[in-house]
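Listed after this line are the structures, all set down as structure tokens.
Presented sequentially are two complexes of chain A, the first with chain B as partner and the second with chain C.
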Partner chain A sequence: MTEHSQPKAEVFNQNDAGNWLPLLLGAGAIGIVGSAICAFIPNLHEQFAYSWLFAFMYFFTLCAGSLFWILVHHATDAEWSVVVRRILETVAGLLPIALLFFIPALLCAPTLWKWWNIPHGADEVLDKKRWYLSHGFFVLRYVIYFALLSFVALSLKRHSTQQDADGKASHTISMRKFGVAGIPVFALSLTFGAVDWLMGLDYKWGSTMWGVYIFAGAAGSSMSLLVLIVTALKNKGYLNNVVTLEHYHIMGKLMFAFSVFWAYIGFSQYMLIWYANIPEETSYFIRRNVESWWYLSLLLVIGRFFIPFPLLLLQWTKKVPKVLCCVAGWIVLMQMLDLYVVIMPMLHKTGFSPSFIDLLALLGIGGTLGFLFLKALGKHNLFPTRDPRLPQSLQLTN
Partner chain B sequence: MERSRKVYGLAAEFANATALYNAAEKVRDAGFRKWDVHTPFPVHGMDKAMGLGKSWLSAVVLCGGTLGLLTAVVLECYPSLFDYPVVVHGKPTTFMTVPAFMPIFFELTVLFSAFSTVFALLIMNQLPRWNHPMFNWERFAKVTDDGFFLVIEARDPKFSETKTRELLEQIGGQHVTLVHD
Partner chain C sequence: MANHTATLDSDAAAVKRVPLIINDRKANWVTDNISTIVEAKTPIWWWVAFCITAPIALFGCFCIAYQISTGVGVWGENHPVGWAWDITNFVFWIGIGHAGTLISAILFLTRQKWRTSINRASEAMTLFAVVCAGIFPGIHVGRVWMVWFLAPVPWYNGIWPNFRSPLLWDVFAVSTYFTVSVLFWYTGLVPDLATLRDRAKSRVKKFFFTVFALGWRGSNRQWRHYEMAYLILAGLSTPLVLSVHSVVSFDFATSVIPGWHATIFPPYFVAGAIFGGFAMVLTILIPARLLYPQLYDVITQQHVEKMAKIILLTGSIVGYAYAMEFFVAWYGANPYEQWAFLRNRLADPYIIGPALHVQPAPYWWAYWSMITCNVIAPQLFWKKSWRRNTLIVFIVCNFVNAGMWFERFVIIVTSISRDFIPSSWHLYHPSWVEIWTFIGTFGIFLSLFLLFMRFLPMIAMSEVKIVLPEADPHHNAPDAHVGVEAHH
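What follows is the complex of A and B.
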């Protein structure tokens, strides 16, 4: 109820990034060049393909999760998230670049997706799925996800930044339309993307919960990423009169909700497969519950759910940025482990076997995207200064 | 007839939510403990203006949820693993079969949490009850439409019929009225 004066517009100054810009660019260059060399060494080609897919999926899910939060913000006419929306828009704005990183994986398609080179008539199970698992349709689907997700993410960002300039309320109406129409577009793209690129690693295996499982991890980890970015900016002196502990409280609650949701979906998938005990379904968990993969699967369950759950259940932890950041950083790491346990057992069937190419691929994609993120952050205001709901967002109380 | 009844408190009407909010802050600062506000809709930040602090409802819900979880663990594990183990669907009768119990662990946790929320809420709000003294004041009917009310109860140690009336009038209260039980 106290009156707030309109805060001044803030633009990220590239000098505040310190050494991060050259570091990220260097890491990106080393990672991409190193990975590219490995791709052409016959012994390392297979490892490169899996490592690259793993790194791509990790950063793709973080960007796609950010798009999800923008869509929900507009579809529900949310007030609280106005002040953090520009950061989400900047992360989601990286989607076209992130999706371009899929092309090297696509070039390794015969290595990654075993159905790619199996001739007709060799496997009856596969022949029944040929209408979906065909080369042309597979590539076409990638192009469709790329076009739709990029279009939605960039349109939302464009409207939002234009509103900063002209202050027209019509942008809010347009963004609401994109928010509502974007939800099915996002849901279908992420679901079928997860089916094509991850479930397709074993064409005999299938789970109807796969899409929502990947989504649960993506949404929770991108909310955690947002907490980390906001805190980093606040440490540099930005957003201090804008993002309050009340916003942290809400972001913490959403991290909590999506830790529980991830566990709910993950367990539901596990229990149905365990209970029905059908060989083509159990293969997924058997592969991940043997050898040293068992320890990583166990760490995932404990780390992605049993550690964040009690920590985020308490109210005070969500209102202390340092504590919330520790949990957020942990969740972002657990998202990496999640995708690692999804992808890598398909290559290293005898157990956990880390490779330097995993690191190169992560550095290559992560460094490039991080660099582009910092560059993009400096181009616009750090929060939408003329959004009609900005005053309500500033006065947020839980 | 009215005079024989016990005094419930002094009530005042306020023009709008902002006026009531500001008045609440002043009543809080004056050190009153037994008082309340009544509005047609929730007013954000009112709990802070009234100095209410954190609700203890969450503690009750945590206890209820934990009790629900323990109930499910005992109800499922004792018969299925120790008392009368039966092999169902070829599943083992050891702790390895615990995934099958999880949905009930979850459901009973939620059920007990929900029940403890509802009952703790009823106790905290002193419900159910037949009537509330505030309804004895005719103007109070506006509370479901456009009335904003503040009432200081007579059982508050700081309550004084004259001084509290003065305070309410001073902070912008209109139609200050003595409400009887």
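What follows is the complex of A and C.
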């Protein structure tokens, strides 16, 4: 490829997905049907509710994190990320579906969020915030997050794919506007989503850092997911003249930055709560630092920070896709562990207790979203072919 | 149809990159026009400005000497307000310094080439701000001759420093920050000092520039070492951007005082510091451009606009943090937390206080000044034409400067003046010594900056030359883009 030539447009051929499409669809169907059955078995209902919320939050944070990277791309008028933007758009485009998977959790609200069924007058603390923690407003907020995040994600994707067709620079301007205006929308939706769905699991506990903590995990893991998807596509022969080792280098640097950021936010939250030692606050960590949860909490600290940190600090690891993929896969797993440690101790107070329903819920939501992702990937070019910044992105040097 | 074509053209123009250095300036233009600021005869305005700032600085020093010789009783602190203007000023000045480190380190690592026009002045500003900041913890201890106790001198007097104290962490954080900032600033200066050495006409100047240029000849080998050192220093400085103000926030957040203890404090303080730092960078560089019109080609509207965007972003992050503090104070339903926010800060005598049937907060004016300056004023930057209007930018930046001082005052004083026990409540009023010590630090800061402008190149010449069109290897190639543009 000469310096000024454009690479040919590439569209993902569904045949290249091999057995993945039926596998994912099958896994999704088994997961959803299996989970649904568990939901109606009284002994398993509670476990289903928590497992479903865990799986939902995991995939939701991955999709929302991808939206974040698109917003940053447009708001900063970045060049490097043009070639990987369509992948991010496809993942973020799943947000409406991902958010629909919240509905089963909502149907289990009395099981998940203890405040749901506490009558007026029974708890003074709860009575003081009834208007916020009320059934109607809780549902309304979900509808607002759903509408806003879906609108931003789909609008960005629409403009981007239309630009492939007509090549108009006006789409770049529109996307920039969505990118900038989308940042406060994203920040507030993710924050209050995290407050409602996770912090609300213990309605007496609160931390001002909570939204930032969930964001830190979402951003780092979605960048890792991007590395995995790009590499999988390259292995199938796509994007080979488009995404270079220079792009890997930058993605690796951002994975590094957000591993450190996650640790910074997590440490700050933990240390300040430990130091001040106020009972209303320490309850969160006491619950997670006892019994076998202690080992998972430790694993999270080591796995989400101390393992990726030295690996990603080196330059060469970021430029060898296989190595970077190992770290990226690990971070994506650690994001799962993070949310597991956030959610599950509220159910299994006496210690870590894995359930097959966790797996069913993960398969159900993950399989469905994975199937839809592969389907969506085949509908448009794999990278924005007529983006005005594409030439600079192709010639990227670090 | 004509309109449609015009729209298409304007869209295409809007996505086109603008060169970082405008008017097609060449490398020798940069050398001549930046060096001349140092080489030319001292302008009259400089003497006028220095004659104003230096006496203010001196009076500030007098106030410090008076306080040290007499005791902290000359200040307005009382029980329970043990920290007031002293620590407010400390945090204010430390925060100012953050923009310099962000520009020199994080923007370097993220390859933001527009930083080259502003990094030198911002780094200098960082150092001077930290000098001003360092004064306050030193003198607020009262017996300043015992301040060395803060340093971990082992086993002297049989006392080890308390490593669990955030105040000790502060000493480490700030001294590390200052050390690395000096090294970074000086490393960047070396090639420019060599330029000034080669151009110097007087023997005295030649001597000093020769000594400080460390034998720089601009050889390939030297550049390789220089760039590696610069990269390493940028890598070392990047965590410092986060750590210093995080540790400063720990001074408050590790306590149990409502209004001080919030888990979001570390990133919130960091965002606020960058916010205030960029406002001060613009507060200084906008007038500097007026005084040296050649700088208009180097610090362009594009630079001002980018900084305005960072101010909008960080100001909004600060607004988010204020909102989260409020939300969680309310959500937590802790009466003391709610008191701190509603009755010590928010309730004004006109609207919110009467609406909620609560007495106005004694410092409501400080709180609402903070909100107006830090959250509302920067929102003007959503509008492109306003963030491209230098006057509006300058005014907003001064609002931010004031707002960031008020923020620290609000956090510190409103939280402790009325805490858990009403019988111990006491309002705080600053004494003239405190007020003039603070004003004096502005004198010190501005005097140092004037000296810097006079004796050292305030634009990183060697770095600016790298982003010139002629530094592009494809410059003058048949189908080359004209100019190195703002890469992201």
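Heads up, the rule we're going with is that the second predicted complex is superposed on the first by the 395 of 398 C-alpha atoms of A that agree within 3 Å, B and C clash if a C-alpha of one lies under 4 Å from a C-alpha of the other, contacts with A are read in each partner's own complex, and residues count from 1 in each chain.
Everything that follows uses one rule, which is that a contact is a pair of C-beta atoms (placed from the backbone, for glycine too) under 8 Å apart; a residue touches a chain by one contact, two chains touch by 3 or more.
Computed from a predicted model, the values in this text were never measured in an experiment.
Trainee: Put chain B and chain C onto chain A via the superposition and say whether they clash or fit.
Mentor: Taken together on chain A, chain C would clash with chain B, as the superposition shows.
Trainee: Between chain B and chain C, pick out the one touching the greater number of residues of chain A.
Mentor: So, of the two partners, C touches more residues of chain A.
Trainee: In the superposed arrangement, which partner chain does A:305 touch: chain B (first), chain C (second), both, or neither?
Mentor: Touch partners of A:305: none, neither chain B nor chain C.
Trainee: First (chain B), second (chain C), both or neither: which does A:265 touch?
Mentor: second
Trainee: Contact-wise, after the overlay, does A:132 reach chain B, chain C, both or neither (first, second, both, neither)?
Mentor: Only chain C is touched by A:132; chain B is not.
Trainee: Is A:208 in contact with chain B, with chain C, with both, or with neither (first, second, both, neither)?
Mentor: The answer is second: A:208 touches chain C but not chain B.
Trainee: Please work out whether A:280 is in contact with chain B alone, chain C alone, both, or neither, and reply first, second, both or neither.
Mentor: A:280 contacts chain C only, not chain B.
Trainee: Kindly classify A:315 by the partners it touches after superposition: chain B alone (first), chain C alone (second), both, or neither?
Mentor: A:315: touches chain B, not chain C.
Trainee: When the complexes are fitted on the C-alpha atoms of A, one of 63-71, 99-107, 225-233 or 405-413 in chain C overlaps chain B. Which is it?
Mentor: The one stretch of chain C in steric conflict with chain B is 225-233.
Trainee: Which parts of chain A are touched by chain B and by chain C alike?
Mentor: 271, 275, 277
Trainee: Can you list the residues on chain B that touch chain A in the complex?
Mentor: Within the complex, chain B contacts chain A at residues 17-18, 21-22, 43-45, 48-49, 54, 58, 62, 89-91, 99-100, 102-103.
Trainee: Considering the complex alone, what residue numbers of chain A touch chain C?
Mentor: Spelled out, the residues of chain A in touch with chain C are 4, 76-80, 124-125, 128-129, 132, 168-170, 172-173, 183-184, 187, 191, 195, 206-212, 253, 260, 264-265, 268-269, 271-273, 275-278, 280-281, 388-389, 392, 398.
Trainee: Residues of chain A touching chain B in their complex?
Mentor: Interface residues on the chain A side: 1, 267, 270-271, 274-275, 277, 313, 315, 395, 397.
Trainee: Once bound in the complex, which stretches of chain C touch chain A?
Mentor: 7-8, 11-12, 14-16, 109, 111, 239, 242, 246, 250, 253-256, 261-267, 313, 316, 320-321, 324-325, 327-328, 330-334, 479, 487-488
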